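Okay, so chain A shows up in both of these, paired with chain B first and chain C after.
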Partner chain A sequence: MKLVKNAAGRIVPNEVNGRKEVPFKGINEHKPFGYKAKPLIKTCIDYPLSGNKLVKNLKDALRKCGLKDGMTISTHHHLRNGDNLTNIIFDTIHSMGIKNVRWFPSASFSVHEHLIKYLEDGTIHHIEGSMNGPLGKYTSEGKMKGIGVLRSHGGRYQAVQDGEVHIDIAIIAAPTADAFGNSNGVTGKSASGLISFSLVDSEYADNVIVVTDNLIQFPCIPWQIQGNNVDYVVEIDSLGDTKKIVSGTTEITKSPDRLLIAEYVAQFIEESGIMKNGFSFQAGSGGTNLAFVLFLKDRMKAKGIKARFVRGGSTKYLVQLLEEGLTDYILDGQTFDLDGIRSMRENPNHINTSPFTSYNFHGKGNFASIVDVAVLGATEVDINFNANVVSHSDGYLLHGIGGWQNCLYSKCTILAVPSFRDRIPVIIDDVTTLCGPGELIDVIITERGIAINPKRKDLISIMKYSSLPIKSIEQIRDEVYSICGGIPTKPKLNKEKIVAIVKWVDGTILDSIFQVL
Partner chain B sequence: MKTKIVKSFAGKRGDNVRSDCYFEISEKKSGGIKLELKSKVASMYGESIKSQVVEMCKFFDLKNANIYIEDNGALPFVIAARFELAIKRLNPMEQKEFLIPLNKKTIYKTTKDKLRRSRLYLPGNEPKFFLNAGLHKPDAIILDLEDSVAYQEKDAAQLLVRNALRAVDFYSAEKMVRMNQLPLGLNDLKFIIPHNVHVILVPKCESSEDIITIEEEVERIKRKWNISRDIFYMPIIESALGIIKAFEIAKSSKNICALTIGLEDYSADIGTNKTLDGKESFFARSMIVNAAKAAGVQAIDSVFSDVGDMENLRRNTLEAKSIGFEGKGCIHPRQIKVVHECFAPTEDEIKNAEMIIAAFEEAEINGIGVVSIGSKMIDAPVVKRAKKILNYNG
Partner chain C sequence: MKLVKNAAGRIVPNEVNGRKEVPFKGINEHKPFGYKAKPLIKTCIDYPLSGNKLVKNLKDALRKCGLKDGMTISTHHHLRNGDNLTNIIFDTIHSMGIKNVRWFPSASFSVHEHLIKYLEDGTIHHIEGSMNGPLGKYTSEGKMKGIGVLRSHGGRYQAVQDGEVHIDIAIIAAPTADAFGNSNGVTGKSASGLISFSLVDSEYADNVIVVTDNLIQFPCIPWQIQGNNVDYVVEIDSLGDTKKIVSGTTEITKSPDRLLIAEYVAQFIEESGIMKNGFSFQAGSGGTNLAFVLFLKDRMKAKGIKARFVRGGSTKYLVQLLEEGLTDYILDGQTFDLDGIRSMRENPNHINTSPFTSYNFHGKGNFASIVDVAVLGATEVDINFNANVVSHSDGYLLHGIGGWQNCLYSKCTILAVPSFRDRIPVIIDDVTTLCGPGELIDVIITERGIAINPKRKDLISIMKYSSLPIKSIEQIRDEVYSICGGIPTKPKLNKEKIVAIVKWVDGTILDSIFQVL
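Up next, the complex of A and B:
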């Protein structure tokens, strides 16, 4: 393994977990074109003509799939922090004496702290997905055997299609399924809304197991995952803790400072001319990104403006927009609360989308770039508008990338962030980890000022007479440093040991995450 | 040989604590200064925190001690206040003050008749609320040493508020401090007067003597520190007796800038409960308005305490405006905007004021002494009010 400097000036390895890798070459400079991964093609006569693919338990299903050491197991994260299934899966794999599994989730949550013992005893070799909370700490301290790989939701699809990741066994948690394997997330006690993060798994994995706690008679309608791609179906008592799968109701942040940022976001969207009939926006998850929707809604109503579509993760606030006729459609990637699920189940204009439709670099176009404005968060933003979403300023991994990188392709990307958190500066000189290159990030909105990327001369000129506190990003940084007591020192990292890498949407390596000392 | 250990504690710790820190000092006979720091910002500001503490040890001549710091992202002005408190609790005779550098952005002036539509209360011992208070653009902020501070933490709040006055940029909001009731409150003044405070809120004020006592102490401190700028007073009337004496209080000093009312205590004092309608306090509020106007100072209303109920805040504030109040207390930043909207002149008021001024100017040009619109005579106070309305937005 050799360390090289990529086009973003970051030090990255040219080889990861024994596989050759391409360092980041610049935005849209790398085109992995050609005939790529091909799915294993099977025949219907190998499956019960009755359509009944039920097997007695998970262990049986894994055995039938030919589980062995070193295989890649994939899961989705629609059950969020209520996910018990993944923990059960690895308990089972461990009980079968299997070692060195590569876990390929679409994201992880703190509930997966349970898996640390399997990382320690060698059941799991490494994770390619996200390493949140306790798993992030474990990884950052250099304890994981292999190197973690962080990808965006779109990057996950791309990685499978490029053959970077070959999934041996995909295990799909299905809040409702039939014995044929048709499944969805809109009904059942563990309803999560949708389960589309497993789409690529169902299409490309050698073996697909659907696990459900709500088995219904064929046909399961709608089939968000098609039974024709499913090998086995397993019924269990419970997929997880329903209260943690979705929140009963999403509450808007009460923090006056976050609300101030959200008001600035709404005002910016209106005054910049983005808010016009037929426009579209994406609301991220998290306090500020939810709250701006309410303020924007007031502005839309006051001006009689209607959106063509909005993109979720959906909550009751987006659902209200749809139900009050302020948008024609919700094109949704995941649902965060019960209103979101109800709407997706009942309203034909609340559409379930997937990383394929929305984010995939190998798609023939995707939805993310059609969106007029995306409002996202970040843990750090630097004076070159580069942003970090995966690590803390002390060097520890704490979040996954999610759809964040993919959303940067929207026509206007706004990062709505506090300028510092307690004593931790958010607007800084240089991000700890580069996740999004500044050339794709247009506006930074903080409680202390709004910085527009100098590349966006159009926006700068439109906003010239705005009452909003438009400043240079350096001015905001200086103010933050002066409040926090000077320039923060960099975390002590072991530059010899890479614990994880961050992929760009095209499969190249954007940055490395080093062991925290 | 057994060493005598003296120990002191200061600050806050625990899972819900943010932007604050906790100190323990154990003084020793020998061994020098030993620091133990647990901080969530250790990798970014750990060295900075340690050097700040070491500098303060030198200043206070603390040579041998074990110092334990638990930090949840406290800013330097908070760390300084908490550590100074720990030292003073260790040695109550310590008279020296560790004054952090004065942030130039905290220096700005005020005037007696400044716009005071909103004043945002900030609990004096809760630093996390200080930093962004000014961003919500209240006309004034109040650092509170009185009811929001527990009795045993009064010393903590004095130091924290002093440091905040020197360090925190409130973005041109007028800086008010609510002192404690006399006689305890007299001791608050030396922590605030020398540090750019604009207005002193005097709680439970019942007589002109209260103000005179306070003003004497303020003037003494001003002389000591060689301060020439005016410091204004806003008495808070919170009792039946205070209401009866409102005019006397309003006239007790030329530096009274406004009168205000505290309705919780007033309602209790007259033996009733505060209601949403406020019928029970209508007389008192009208008295405040009348006394203030008679004395030529501003009349400012109490707070509205349900932070979730913006609709009734609006109703309540519009009512306050209609009976003559010029401002309202706020206990949450989200209330500020609503209050400002209520006190902004309505379109009708602006139109009317424009007519009055036009008639007044015409009369002046024509050399007519008496101004009238139609058959309605217009007096000087009406013209003054019209000018005020038109100047509202600068």
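Up next, the complex of A and C:
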């Protein structure tokens, strides 16, 4: 392994976990060459004609899949912090004496702290996937055997499609399924909404196991996952803690500063001319992002404006837009609350999307770049408009990328962030971890002022006479530094030890995450 | 090329159009070995970020796709006999001076007689796909340069998926589309219903062109074809003759003999115990098949029986079942009339399926074998229960296979056929062309009697005391021969010249079609 400086000026390895990697070459500079991964041809002869693929339990299914040491096992974060299944899977794998598994989740949550013992005892070699909370902290401390690989939702699809990650066994938690393997997340006691983060796994993994706690008669409608891609179905009592799988309702921020940011965002979108009939936007799930939707909605109603589509993660606030006729469609990637699930289940204009349609950069286009404006968050933003979403200023890896990188391709990307958190500046000189190059980030909106990327001369010109507090990013940084007591201290990192890397949407390495000392 | 006798005892070539082929080995005897076809990895860099893939016309699109001599061009039969687009495509290809195209339609109709001149002048080398009517006759006369290849709907998916057929350019007629390429067939003036016969083309072709006469703003919902698989979109005035694309309504047979057959079918399904709560059936689109649905419906209502699902092609008769609560779902592959289209557009329980979910034999199971009873037609049936659907007793190739072969895998396959047509026996000693091995065909129902395959001892036993006229197949044959004036004359065929071959669902060659003298 050699360390090299990539096109973003970041130090990255040219090899990760024994695999050659390509350092980031710049936005739209890396063109893939070659063919997609090619799954084995299967035949109906080897599957029950009755369509009944039920096996007696998870262990039996794993055995039939030929589980062995060193395999790659994928899971998905549809059950979020209510996920019991993943913990059961690794309890089972451990009980079978298997070692050195590469775990390839779409994301992990606090509930997966349970798995640290399997990282310790060698059951799991390393994790490739978002690590929210305890597993991120564990990784940051340099304790994981391999190097963590962080990818966006689109990057995960791309990596599997392109054959960078070969999945031996995919295990899909299905809130509802039939014995053929058709599955969805919109019905059943463990309903989580959409389960399309597992789409790519179902398409490319050698073996696919569906696990459900709500087995129904064929056909399971809708089939977000198609049984024709499934090998085995396992029925269990409970996938997890329903209260933690999905929020009852999602809460708007009550912080006056955050509400001010949200108002600024809505005002910016209107004044910049983005808010017009047939426009589209994407909102994240944070409290500020939710609040901006409400403010924007008021402005849309006042002007008689209707959106063509809005992008989820959906919440009751997006659902209200749809139900009140303020948008033709919700194009949704996941649902964050019960209203989102209900709407996806019942409203034919609440449309399921997948990382393939929305985010895969190695496709014939994707939806992300068609969106007029995306309003996102960040843990840090620097004066070059570069942003970080995975680590904190103390160097700890604590969040996943989600669809964040993919959404940067929208026609106008706004980061709505407080200028500081807990007296630690958010607007700084240089991000701890680079997740999104400033080139793709158009506007930074804080409670203290709004900075427009100098590249966006068009926006600067349109907003020239706005009442909004438009400032340079340096000015905001200076104000924040002075409030927080000067230039923030850099985290203490062991630059000799890379604990994880951040991939860009094209599969190249954008940045490294180092051990925290 | 060598001729060999396959496991069904039919003479078939071991090479077709220069490609090595596997002769039929018996039902469930051929296991594929290897990997699926692998499409090139694409990148968003090469597609417009706006999502607008419109090009000025078809010629421009074909040029951008790099059209050249000898390429494989695929089209689809969604527009049926109202299809103008395919004729326009080949007018365009001809005007570009291109030669030796392999045309890979899902089916051709009378309207495509227009293309005979392009078979004559070398624009088209040969056709792989169903040839209904004039092109079949042309082929039977030995005039086509290459050998025709007939596949079932599932076999077409399998062939592309397995890399047997590599499509250079797929052209998809889309009754509605957006500029990104998302497409459907349920809306627009040329609405044809489902367009999923082009699914496999969109997934595997090197280049995909969507042609529409109803371009709408992104997103086109539903997206039966996903824009992420599409390269170019072309807008034209009209895809075809709307009256011929889909029937206004589908007519039930008025023939007393056919009505009697339909009544027998319904009675058989009830008395055999197949008709019970949660059962499923598939009905074809012929007049007899439509009538049987009405008779079965009466019996279901009388007994208070509800189906779990019924399979289309859908017509108003299946739609009535759904709307009257006699089935939970229609799982549909195509719509045959306006009621079918309306229902698919409006009823969330009228579900789109595709050759992948329904019929692909090289998948992890498919829907066809889950169906309790399939009621199908045939041009000929022999005393070994073998059946023919593509040629007539005079040897002429005049029909496609459709989903017929795939449906034979249902739990009970009934062929509902008249015992003779135009004084030519349908029940005979040996089929002119073998399309379905008798091993998979359970019951033959004619106006003259019902024959149960001796293999199905269970059905024979259940039906022992039925009032239905159960006879041996030989008895029915004898009666028919005596009515029609003895043993029918064999067609005069040139056994030295194979004009087309019939593939089995696993890609092996089941039979040959010879030149008619």
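The criterion applied here is as follows: the second predicted complex is superposed on the first by the 517 of 517 C-alpha atoms of A that agree within 3 Å, B and C clash if a C-alpha of one lies under 4 Å from a C-alpha of the other, contacts with A are read in each partner's own complex, and residues count from 1 in each chain.
As a convention for this text, a contact is a pair of C-beta atoms (placed from the backbone, for glycine too) under 8 Å apart; a residue touches a chain by one contact, two chains touch by 3 or more.
Note that the structure is predicted; figures quoted are calculated from it, not measured.
Chemist: Following superposition onto chain A, is the placement of chain B relative to chain C best described as a clash or a fit?
Modeler: Here chain B and chain C can both sit on chain A without a clash.
Chemist: After the superposition on A, what does A:Leu260 contact: first (chain B), second (chain C), both or neither?
Modeler: In the superposition, A:Leu260 touches chain B alone.
Chemist: Have a look at where A:Glu270 lands relative to chain B and chain C in the superposition and call it first, second, both or neither.
Modeler: It touches nothing on chain B or chain C.
Chemist: Under the superposition described above, what is the C-alpha centre angle at chain A formed with chain B and chain C, rounded in steps of 10 degrees?
Modeler: Placing chain A at the corner, the angle measures out to 140 degrees.
Chemist: Go through the superposed model and pick first if A:Asp201 touches only chain B, second if only chain C, both, or neither.
Modeler: neither
Chemist: With the two complexes superposed on chain A, say which partner A:Asp422 touches: chain B (first), chain C (second), both, or neither.
Modeler: The first partner, chain B, only.
Chemist: Give one of first, second, both or neither to describe whether A:Ile45 is in contact with chain B, with chain C, with both, or with none.
Modeler: second
Chemist: Just chain B (first), just chain C (second), both, or neither: which does A:Cys484 touch?
Modeler: So A:Cys484 only meets chain B here.
Chemist: Touching A:Glu447, do we find chain B (first), chain C (second), both, or neither?
Modeler: First partner only.
Chemist: Hey, is it chain B or chain C that touches more of chain A?
Modeler: In the superposed model, C touches more residues of chain A.
Chemist: Check the residue A:Asn229 against both partner chains and state whether it touches chain B (first), chain C (second), both, or neither.
Modeler: The answer is second: A:Asn229 touches chain C but not chain B.
Chemist: Minimum CA distance, chain B versus chain C, superposed model, integer angstrom?
Modeler: The answer for the closest chain B-chain C C-alpha pair is 38 Å.
Chemist: Could you tell me which stretches of chain A are touched by chain B in one complex and by chain C in the other?
Modeler: None.
Chemist: Write out the stretch or stretches of chain C touching chain A in their complex.
Modeler: That would be residues 28, 31-51, 53, 161-162, 180-181, 208, 217-219, 221, 223, 226-231, 278, 308-309, 329, 331, 348-349, 351, 356-357, 360-367, 369-370, 409, 506 of chain C.
Chemist: Which residues of chain B touch chain A once you look at their complex with the stated criterion?
Modeler: 18-19, 40-48, 72-76, 128, 131-132, 135-136, 332-334
Chemist: Can you list the residues on chain A that touch chain B in the complex?
Modeler: Per the stated touch rule, the residues are 256-257, 259-260, 393-395, 421-425, 447-448, 483-486, 488-492.
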